[in-house]
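Have a look at these structures, which come just after this line.
Next come two complexes built around subunit A: one with subunit B, the other with subunit C.
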Partner chain A sequence: MYDNPLTKRDAVTKEVKISARGCQVYYGDTHAIKDVDVDIEDKTVTAFIGPSGCGKSTFLRCLNRMNDTIDVCRVEGDIRLDGEDIYDPKVDPVQLRAKVGMVFQKPNPFPKSIYDNVAYGPKIHGMSRNKAELDEIVERALRRGAIWDEVKDRLDAPGTGLSGGQQQRLCIARAVATEPEVLLMDEPCSALDPIATAQVEELIDELREQYSVVIVTHSMQQAARVSQKTAFFHLGNLVEYGETGQIFTNPQDPRTESYITGRIG
Partner chain B sequence: MSESTKGPHIVRSYDRDLEAIQALIMKMGGLVEAAILESANSLEARDEEQAERVRKGDKAIDALEEQVNEEAARLLALRQPSAGDLRTVLTVMKISANLERVGDYAKNMAKRTGVLLQMAPIEGSSGAIRRMAKAVEIMLKDALDAYIQRDVELAQDVRLRDHEVDQMYNALFREFLTFMMEDPRNITACMHLHFIAKNIERMGDHVTSIAEQVIYLVTGELPEDERPKADRTAIDPTTAQ
Partner chain C sequence: MTDATDPSAQPAAAPQRRSSLLQLDERTRRRNAAEARFRLMGLIAVTIGILAVIGLISSILFNGASSFRQTFITLDVYLDPAKLDKAGTRDPEAISKVTTFGYAPLLQKGLVDTMAAQGIALDGLTAKQAAELISKEAPAQLRRYVMADVSRIGQTVTFDVLAAGRIDGYFKGRVTMESAALDRNVSPEQLMLADRLKEAGMLRTKFNLDFFTAPDASDTRPEAAGLGVAILGSAYMMLVVLVLALPLGVAASIYLEEFAPKNRFTDLIEVNISNLAAVPSIVFGILGLAVFINFAGLPQSAPIVGGLVLTLMTLPTIIIATRASLKAVPPSIRDAALGVGASKMQSVFHHVLPLAMPGILTGTIIGLAQALGETAPLLLIGMVAFVREYPSGPPDGFFEPAAALPVQVYNWTQRGDPAFVERASGAIIVLLVFLVIMNAIAIILRRRFERRW
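Let's look at the complex of A and B:
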């Protein structure tokens, strides 16, 4: 009867894809992330939730070294992708970001054609030998982005001419074109209508078969719908990390409970 | 974590909705408690008017259950409650269903009382039934207090007390059997009295279920340990002799 209760949903032990230990982030004097330890599993959607300024986006950006581009930002501690330290001086951040792709809050297609938007990454990483191979990569990525049918007849049209939802799916297609192993999504649906949001959520669920997906979201319902694991951040601390079903039915920390139920506390 | 340690919702109308639905449960609980006592009293006092009031009063209990379900559905749709709030809504729905069933049993007792009043009374039985009904009514009162106070210990205590009701039922079962064997003319009355006793025993089970819901509401988990059961009349006829 209780073979697979919701609270234990997808609780099979999975391999750890990214592990962070003692992660600290400072913006100048501000201590933005305080000693975060977390294991992000492979082929799992992990949601980061928490109030604005709690550090969830900052932490997400540590996972593919996007914080390197901010001068005052300093990251300490140990973050490993498949056991390798991503902050090792020998690691090329560009190569790292090919493995750990990212989708941002606002759809940001390049001011180029739909085709070139997706082909850009595979081209600079030398993933194809000829036009035919590149065409194949682009089609596969657009299909995986669940937007192929809508754009296949106008691949030369500018990516910026698509609707917001289509642009976001184009950006997801662009992110998956380089065959990443991890996909980071920073509020991918906050600028989208409910239909486009549902399409992106369906896509996230499909992507889970191949990738580890980490999504930052302000929508608690979205976190509950798409993720298997949820991490709650508060004032730079990782307060609670567990199965999504458990976090939303029976959180263990009162700060988590207050936040997800919309209480002052 | 108890409700009292939690802050209010940022959206205050959410608190008002949750409070309103729980107020309905308490109102329902009050009506059901009264129905249990009155149906047992009407039997002992051979008061047909009181029995009739219980039979008519069940409509109000049913209407409240419907109202609780509507409010709960509305709250689920509009507020998407989670964690403790979600458990509150889920338990409210189950508790109202349990209360509704207890109300039905009380109504059935009152119906049988109407029939029994046409016959000669069976010596001593209605007093025992009233004591059993009183025990269940106190259990229900405590279960609802445990619900409002979010008191797991009290709920646990109620859960264990069902044992006593089961034992009272066993004793009555044996007693009625004896009466029927002594004189076949007692059979009709004893059959009705037995059903009344069985109804009260079932009420105890529903009250136990309410107590278990309180434990789930507070801890997020239903109790896993087997509670002691004493109604053995169904599995071991020798104890009934």
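Let's look at the complex of A and C:
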């Protein structure tokens, strides 16, 4: 992927996967996300960047309704996945989350075996009819998570016994095991060393072929390395959204420029 | 430090600050002294605690250990058909008409005859006075033995009968010649006779299994009193508490912790649960009396009522412990489960609950141990009654009168005969052993579940 210079990235417009219009999020009285409009494309890596507390994680969590678990959180506006309003009262968030998988900042494998970690999602969604099929799903997910070769001999070992980077790739494998259409990643590399980070980034680039990936990151280099589209958030506003190459080389908004040159944030 | 920027102030301040690391300055010395004082206080507190526990346990053991041994007299008894089966039909129904009063003379005759055979003189005592060495419980013992197999009538059997409480006390050091001289129930001559019986091997002190299996006995025969009914009653109550309090408590805590909206109403419930844990236990007894006995019409003294009252008492303990261990499960596990599309309930039952299990079990067993030792509420619902009949097996046994271990202790300490002091201490030892076993189980379960990963 490093042979893909920022300025030369193709600007082919793809199908829109998720579109948000006039999205507002409140935590009690705090207005955390202010009127965000964004179109997230299919088979694209979209990076959300911005200083701490700017609302990028909050917005990410709106996309699969993880904010529902926070009592004081209120979401307004319109967020559509393939044209369907995900905040429609008829939508069951559980079904939505099967389509929109999530990887968290801190690797959080279940305290179960590696196999059970990956098999759990397919099991509860009834994706396999027998053990052989489940084995196949688990292997495919672990291969896609680029961790199969490291764990294939010890699938019964606890997932919590792996190293941090392996745990995070296990979590990615767990997320892709349920065959989601969108993969949300909330600072997936912030707890990892540079080598593990490189592995995860490589993985994200591969996942782009099948999924729409949305990644929140604090590292602008990472955003530049892995994403095709970048959104810059500041104080709850979506300041600028565009091709990654354009954002990093020719930002339109002075705030974006200040941030990427290190003057704010 | 503002003057640090002023170069002229620098040389003047420097020599004053110089100090050797090898020499403690005044401040450090004071801090060290304060720490040493605090450590000493802690050490004193711990020592006092340990001494108190040692004192308590040794006093209980000193008083109670002897209750596990009991004095028995070995006799040859002729089961006279002329007395026990006048008709000669060996019909158990006819024989059961002979009361324990019919058996007492047989024992008296057996004792005198056995003594004569061993060459032990009565030494001025009448046969009746000699027979007072035998417990008043002994005729009942002999009657049960005969009723178990009526074909024994007509035979001469060798039988171990309980010695009277005073004689038992003499060999345990509770009764002396001096005290016997002032005692209406025993005379020094009888004690001397007991000594001679012991020399001849007719009288022995051995392990007292009956203490664990026999029911309570009346004031005048402490030597026969046992914990059987109390142990059974306590076991029934613990069963009721476990079956009711564990699922109710765990379900309530899961709902409150994971599902209930956080509003003023749930806050109120939370405060109330915490307060319930601090309500004096006797209040629960009054509640049980009013609700379960007077209103619901459940029988008095029954383990079911005791179990229900103790369930109410144990619930807050279990709920508080369960909520604490649910809270201790990292939220990242919940996120992980929700993130792969598990429902709220799946995330709780598949992931959160297994992780909280060691804490829940520990809390439950500690709650049970508390309930096992609880006395006050049981007094109010009639568990203090004198119960000689074993409750039958479950489920009927839950509704029949029974005693409970702590109440039995309380009961025995109220009685006049000093032999009951020994019995009460023995019962406390049994109770403590049960508590230690339960705490050990809690520790083992905790280890087992925690070691999984």
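One rule holds in what follows: the second predicted complex is superposed on the first by the 255 of 265 C-alpha atoms of A that agree within 3 Å, B and C clash if a C-alpha of one lies under 4 Å from a C-alpha of the other, contacts with A are read in each partner's own complex, and residues count from 1 in each chain.
Heads up, the rule we're going with is that contacts are C-beta pairs under 8 Å (C-beta built on N, C-alpha and C of every residue); 3 or more make two chains touch, one makes a residue touch a chain.
On a predicted model such as this, the values are computed, not experimentally measured, just so you know.
S.K.: Go through the superposed model and pick first if A:95 touches only subunit B, second if only subunit C, both, or neither.
M.R.: second
S.K.: Once the shared chain is lined up, is A:224 touching subunit B (first), subunit C (second), both, or neither of them?
M.R.: first
S.K.: Of the two partner chains, subunit B (first) and subunit C (second), which one does A:158 touch, if any: first, second, both, or neither?
M.R.: second
S.K.: With both complexes superposed on chain A, which partner does A:106 reach: first (subunit B), second (subunit C), both or neither?
M.R.: In the superposed model, A:106 contacts subunit C only, not subunit B.
S.K.: A:250 in the overlay: touching subunit B, subunit C, both, or neither? Say first, second, both or neither.
M.R.: Touch status of A:250: first partner only.
S.K.: Tell me which of subunit B and subunit C touches more residues of subunit A.
M.R.: C
S.K.: I'd like to know which partner A:260 touches here: subunit B for first, subunit C for second, both or neither.
M.R.: Touch partner of A:260: subunit B, not subunit C.
S.K.: Please name which positions on subunit C make contact with subunit A in the complex.
M.R.: Of all residues in subunit C, those touching subunit A are 261-262, 330, 332-343, 346, 350-351, 355, 452-453.
S.K.: Would you mind writing out the residues of subunit A in touch with subunit B in their complex?
M.R.: Against subunit B, the touching part of subunit A is residues 220-221, 224, 248-251, 254, 256-258, 260-265.
S.K.: Show which residues of subunit A lie in contact with subunit C when the two form their complex.
M.R.: 64, 66, 69, 71, 94-95, 97-98, 101-104, 106, 108-111, 120-121, 124-125, 158, 160-161, 171, 174-175, 177-178
S.K.: So in the complex, the part of subunit B that touches subunit A is made up of which residues?
M.R.: 1, 5-11, 14, 80-87, 220-221
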